[in-house]
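Both of the next two complexes hold chain A, though its partner changes from chain B to chain C.
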Partner chain A sequence: MLEALLEGLVLVLQWKALAFMLLGILLGFWVGLLPGLGGATTLALMLPFVYTMQPVEAFAFLLGMHSVTATTGDITSVLFGVPGEAASAATVIDGYAMAKKGEAGRALGAALASSLVGALVGAVALAAAIPVVRPLVLTFGSPELLMLGLVGIAFIAALSSPGGRGMLRGFLAGALGLFLATIGQDPQAGVARYALGTLYLWQGLDLVPVLVGLFAIPEIIDLVVRGTSIASAAPAGKLSHGAFEGVKDTFRHFWLTIRCSLIGTFIGIMPGMGGAVAQWMAYGHATHSARNAEERRGFGQGDVRGVLGPGAANNSKEGGSLIPTIAFGVPGSTAMAILLGGFYLLGLVPGPDMLSKHLPVTFSMVWTIVIANVVTVIACFALLNKLARLTTVRGSLLIPVILVLVFIGSYTSNNHYGDLVVTLLFGAVGYLMVLAGWPRAPLVLGLVVGKIVENNLYISMARYEAAWLTRPVVLVLIAITVAVIVYPLFQARRRAAAARA
Partner chain B sequence: MRSLLLAVLAAIPIAGLAQPTPYAGKTVTIIVGYKAGGGYDATARLLARHLPKHIPGKPTVIVQNMPGANSMIAANHVYNVAKPDGLTIGTFNRNLPVAQLTRVDGVKYDMTKFAWIGSAASECTILALRTDLPYKSVDELKKAGKPLVIGATGPGANTYDFPLLLKEFLGLNLKIVTGYQSSADIMLAIERKEVDGRAGSFTSIRPFIDRKLVRPVLRARADEPGVEQLPIDEDLAPNPRAKAIMALRSAPEIVGRPYVMHPNTPPELVKVMREAFAKAIEDKALVAEATKASMELNYVGADVAVKVMKEMLSQPKDVVDEFSKYVKFGE
Partner chain C sequence: MHKNASLTLSALIMVVSGYGIIAATAWPWKAALFPLVIGVPLFALAAAEALWILFGADPASEEARDFQLSIGKDTLRRTLAATGWIFAFFVAIVLLGFPIAIPLFVFLYLKLQGREGWGISIAITLGTWGVFYGLFDLLLHLPFPSGWLFEWFGSS
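Up next is the complex of A and B:
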């Protein structure tokens, strides 16, 4: 095992593999930065080029490209409030709020440092999990995946503002998200639900246009209304020294960062959960660390922990989602499904062989993730302060550029103008929600988790009838769900008691 | 001598004129009805890389993805919106004739009227069961005591329709559990012993047969190298109506990767494309790439494809009605 680990490192450090990795990093840097242009689509476009490469070189290129998009996607989220990648949406909430306060540098530093920590944790998990990965994934059947989805929904409680009214709004937003997830052909009877007579809605709402509309458009409207630059509330001179502060924050809240990385890795391992869920659960968990009601209200206004959590999780899930892909040939996310195509193209068969005969190749992938992320973070830090300065540019100069990026990004996934309509529609919805003080995060969470919960509930009932409720892992997850819902209430009561005393 | 030279010199431009190159300097677009990364897309991109050298004029061939409504959007586009200039090719869901047959809302195409290039592969559906189960043949399956759990993705997919017809007409004791996100997830469920088997295209199940996780038991009508020794579901049908319905479900699989152009495309251009496809699929470089990627292409001509489409769409009403009860249009 140790020899394979070192052999993997040696394979990656050969100059050809390294060159391809750097090429991939360069590509991934821009793909992550530009909103809507997704890592998954680019992976598919790059696949034909790897046909003539050796496996280690090919994965150095593909993985180098993909693992970087999660890091640079956070940059756009922080600077402009536009999610650079679907997995970077949660970073927008506190990251962009920090940018508005003039702390863009700090937010970027925190996002980058937590991304690095997350990537390393994910890579270590991938390496460490190799002996236990098959029994681990095999234990998590449809009932367990259902419960994981419910745990995700329970995090809505954490994502809502504290207090009765906040919780109610959060749950209603979550319910709306769950409802929106039902749009499309249902997998049990093939009926097209809420397709409104159009072909466009047959397969349901696509996540990217919704996210881009919900988060980016209200911020753009806000920017137009304010008429200033993004960092209007900033005292002068504070920007350039922020990055290092952000890195220090990562270490100040080190255990939170590690915990969120582990959440991301774990969700990444579960096949079918998708990359978008991990970041919201990590954000929800980050809010648990608020020590009093004051701090809890600070989330959403620019608390650095709200950047650390999702920043770590969306990188660690990369290492996590490689695990079922390599060990079972079951992709943990869309991007992994495409990477799987790369496996076949190179003549590798995912499965037990990758964990025994081709173990050095598997470890070379681990090292690729590590090295690619380190290189990217170093490169980003060099550019960081210049990037942060963009937030001082006058809004009227930035808005047209952002708008173009937003609409192109929304259109490129399906080349269908329906996506633009969806973006505008959800832009309006998002703006109204912001005005009325309703949280948007639960809506996204409901949308993302809805299909997972519905399908797995149906399979569990059909296959096991009621017996699935008594499975051991399911019981553990039920306990966690209850804990996630109850904990904020418990915290609030404790704070109220402390305030009275 | 001089007259010979003159004759040769005169013949050259005439020879050039004799072979028109309408595709010289042009770009051909293959519109794929699915997102990047899936089987239809992979096949299209493979063809796009090798077609140019077999089309006179060596045009550039690119791929454009137009996903949505299980590729009905792409089909509608190629039928109605694309220009009939031979520069747009469409490839989409092989089950589109089912949508037309069962009169799904939104169908704006006619499969028999497309200018057919042909099919790049046949995709035979098989039923495979986990190897540790004792059933090796259909007879043993029929005598099975408790129901076998079969995992499926949803109505309209071969993972669902094939076992459904086996259950209804062959009387196999199957319990179909549907809702899995993809066929890879069903495979994982088989390993977990959550389900006992699945139906699916032979190409996608083959790596797992080789790994001895599952063994094939039954197949559908389409011919593909590797499935010859398996019994065909239609042959075991108890009556002609059942056989007709099973045949109707399997028919699209013969035209497994359909490639078409706009109905009004000039016939000479269609002919050029057909020849180019036939040659490209035999091309050594393409075959090598395909084998590496575990893809198997074999050209099914336009005449066979149109014949299959016409057969499907001219079935009597009572057959179509009963068919619609079981098979809906899906992926």
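Up next is the complex of A and C:
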């Protein structure tokens, strides 16, 4: 175990892996800063470029990039009230209020330092979970893996939109993803399903063009519609002022930061829940940790604890969400779903092998999260003042460059014009989904786990017939799925009854 | 707008899943099992959503936790312009190939849509093309075919 841990560190410190990690950090740094280009979108854009890399280099690149987007996403949340990432929205409430009070530097210092603590807690949780997770994984057969896939979709479908109507749309999107995963030659009978007479669709829908279309195209269209710079109302002045005070705040409220980090890790482990959920739960905990009404009143007016909580949680969730992705092949978020695609591109199969044969590769991911966050926080402190100016770049200068990346990213996944058509089609679907208020994450999760669910359904039916439904772990997972669906509905009903009373 | 989009999506899903169910009935059970297991509930969920739009309430608070599209006085025109540029870039790639379509698109977008100056337009065009050529061609050796126009005229 210790040997694998050290081997992981050595692997990630090799010059090529380190160079790719630094490149990833540089990209993630920008992506986090620029609202409109999310971390998940960038992962999808960069996925085709890992084909020729070794697994350690590829994960150093992808994880290095992804694990810093949440950190730098907090910067625009604090400075402009514009979340750089979906997972940085909760930082806006107190961070922006602090900036308006002339405490932008302190808020940024707190956000960056708590992000670092959160990332370290998440990485330690990931490393600590490896020996515990291994025996658990080995007891999981096809029926349990099938149910895990369905639990993941139930989680994300139930939580990505509030209320009964939102849940219906979540499940609709999840089922659509599962259905789209059936396109292509089926693994059992060899029938070319829904191939529309084209050879291109025999291998099924490629994940990269679908994701690039679904996420990037609607955001590009919105940027054109806005017709402005991404963040045009930057407050003037030296923004780095008071940053060290924010670092001291992190240690002044150290246990709150640790508790929020643990909340983020836990949410990360739960399949289907992402950073957007983690940060709000951490913010809620930070609010509840106030001892009296007087203390609580500061929240929303610029209380540093309202920055520390979400900052810690949205970084610690990365380590947490890697646990089910690596151990079970069940991604905890959209970004992890895309990263899961990276595993398959590199010929790695998540599951027991990642915890035995490829354990050093798994530990290299832990080290990547740690090193990437340390490098980013140091760089942020050094560049705090200049960084802010990046978000005032005119949208008209960014859009053509982003579009070039979109089309190259899609095309290089199969070197086929069909990839571009798929990107445009899913761009239209993504735009309609955003316009209609439908969640996109369940569709992605459905598409990613579709093949896994189908294979395990077939094996379960062939091996156990209907008896697989009575296995103890399957029954527990069915109960969790039912609870995930019923509990939010029950909560909504109770709230409505309380409001009426 | 939002209701129409939801109804359009629901109707599209009903058509796609309906076709999927009918097509699957002609396959051996091994191939048809999963498409039927998913296709039937998908059709039912899409029908439920469509009926909810037509006959039920539409609470805005139950929209996805996702970003909201900007709405302004010029939204439709700008959306059509954005869609037009994206589609034009796709057509240029297919007809002219990436090496020509990229600088052409970047330059025209900056000049016509962005109304940027000559200097900055040329600089960004050259920079983008330089990164494309240096990274994807020289470094990664990725194959980018010449466009259909060149194939049709036999000069590829």
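Just so we're on the same page, the second predicted complex is superposed on the first by the 276 of 501 C-alpha atoms of A that agree within 3 Å, B and C clash if a C-alpha of one lies under 4 Å from a C-alpha of the other, contacts with A are read in each partner's own complex, and residues count from 1 in each chain.
Following the convention adopted for this analysis, a contact is a pair of C-beta atoms (placed from the backbone, for glycine too) under 8 Å apart; a residue touches a chain by one contact, two chains touch by 3 or more.
What you see is a predicted model; the values in this text were computed from it and never measured.
Peer 1: Using the superposition on chain A described above, determine whether A:Arg226 touches chain B (first), chain C (second), both, or neither.
Peer 2: second
Peer 1: When the two structures are overlaid on chain A, which partner does A:Leu345 contact: first (chain B), second (chain C), both, or neither?
Peer 2: It touches chain B, and chain C stays clear.
Peer 1: Tell me which partner A:Pro472 touches in the superposition: chain B (first), chain C (second), both or neither.
Peer 2: Touch partners of A:Pro472: none, neither chain B nor chain C.
Peer 1: Once the shared chain is lined up, is A:Thr334 touching chain B (first), chain C (second), both, or neither of them?
Peer 2: Only chain B is touched by A:Thr334; chain C is not.
Peer 1: Can A:Tyr458 be said to touch chain B (first), chain C (second), both, or neither?
Peer 2: both
Peer 1: Between chain B (first) and chain C (second), which does A:Gly166 come into contact with in this model arrangement: first, second, both, or neither?
Peer 2: Only chain C; A:Gly166 stays clear of chain B.
Peer 1: Output check: A:Asn415 vs chain B and chain C. Expected answer is one of first, second, both, neither. What do you get?
Peer 2: Both chain B and chain C are touched by A:Asn415.
Peer 1: Who contacts more of chain A, chain B or chain C?
Peer 2: Result: the larger residue contact count on chain A belongs to C.
Peer 1: Which partner does A:Ile217 reach: the first (chain B), the second (chain C), both, or neither?
Peer 2: second
Peer 1: Between chain B (first) and chain C (second), which, if any, makes contact with A:Gln188: first, second, both or neither?
Peer 2: So A:Gln188 meets both chain B and chain C here.
Peer 1: Please identify the positions on chain A that touch both chain B and chain C, taking each partner from its own complex.
Peer 2: 186, 188-190, 415, 454, 458
Peer 1: How about chain C: which of its residues touch chain A in the complex?
Peer 2: For this pair, the touching residues of chain C are 1-2, 5-6, 8-10, 13, 16-17, 20, 23-24, 27-28, 30-31, 33-35, 37-39, 41-42, 45-46, 48-49, 52, 56, 58-70, 72, 74-75, 78-79, 81-83, 85-87, 89-90, 93-94, 98, 102, 105-106, 109-110, 113-116, 120, 124, 128, 132, 136, 140, 142-144.
Peer 1: Across the complex, what residues on chain A touch chain B?
Peer 2: It comes out as residues 40-41, 43-45, 47-48, 51, 137-138, 141-142, 185-190, 197-200, 202-203, 271-272, 324, 328-331, 334, 337-338, 340-341, 344-347, 349, 351, 413-416, 418, 454-456, 458-459, 462-463.
Peer 1: Within their complex, state which residues of chain B touch chain A.
Peer 2: 35-37, 41-42, 45, 49, 64-70, 72-73, 76, 105-106, 149, 151, 153-156, 175, 177-182, 184-185, 187-189, 191-192, 194-195, 207, 211, 289, 292-294, 328-330
Peer 1: Residue numbers of chain A touching chain C in their complex, please.
Peer 2: Against chain C, the touching part of chain A is residues 49, 52, 86, 160-166, 168-172, 175-176, 178-179, 182, 186, 188-191, 193-194, 217-222, 224-227, 276, 394, 396-397, 399-401, 403-404, 407-408, 411-412, 415, 417, 420, 424, 427, 429, 432-440, 453-454, 457-458, 461.
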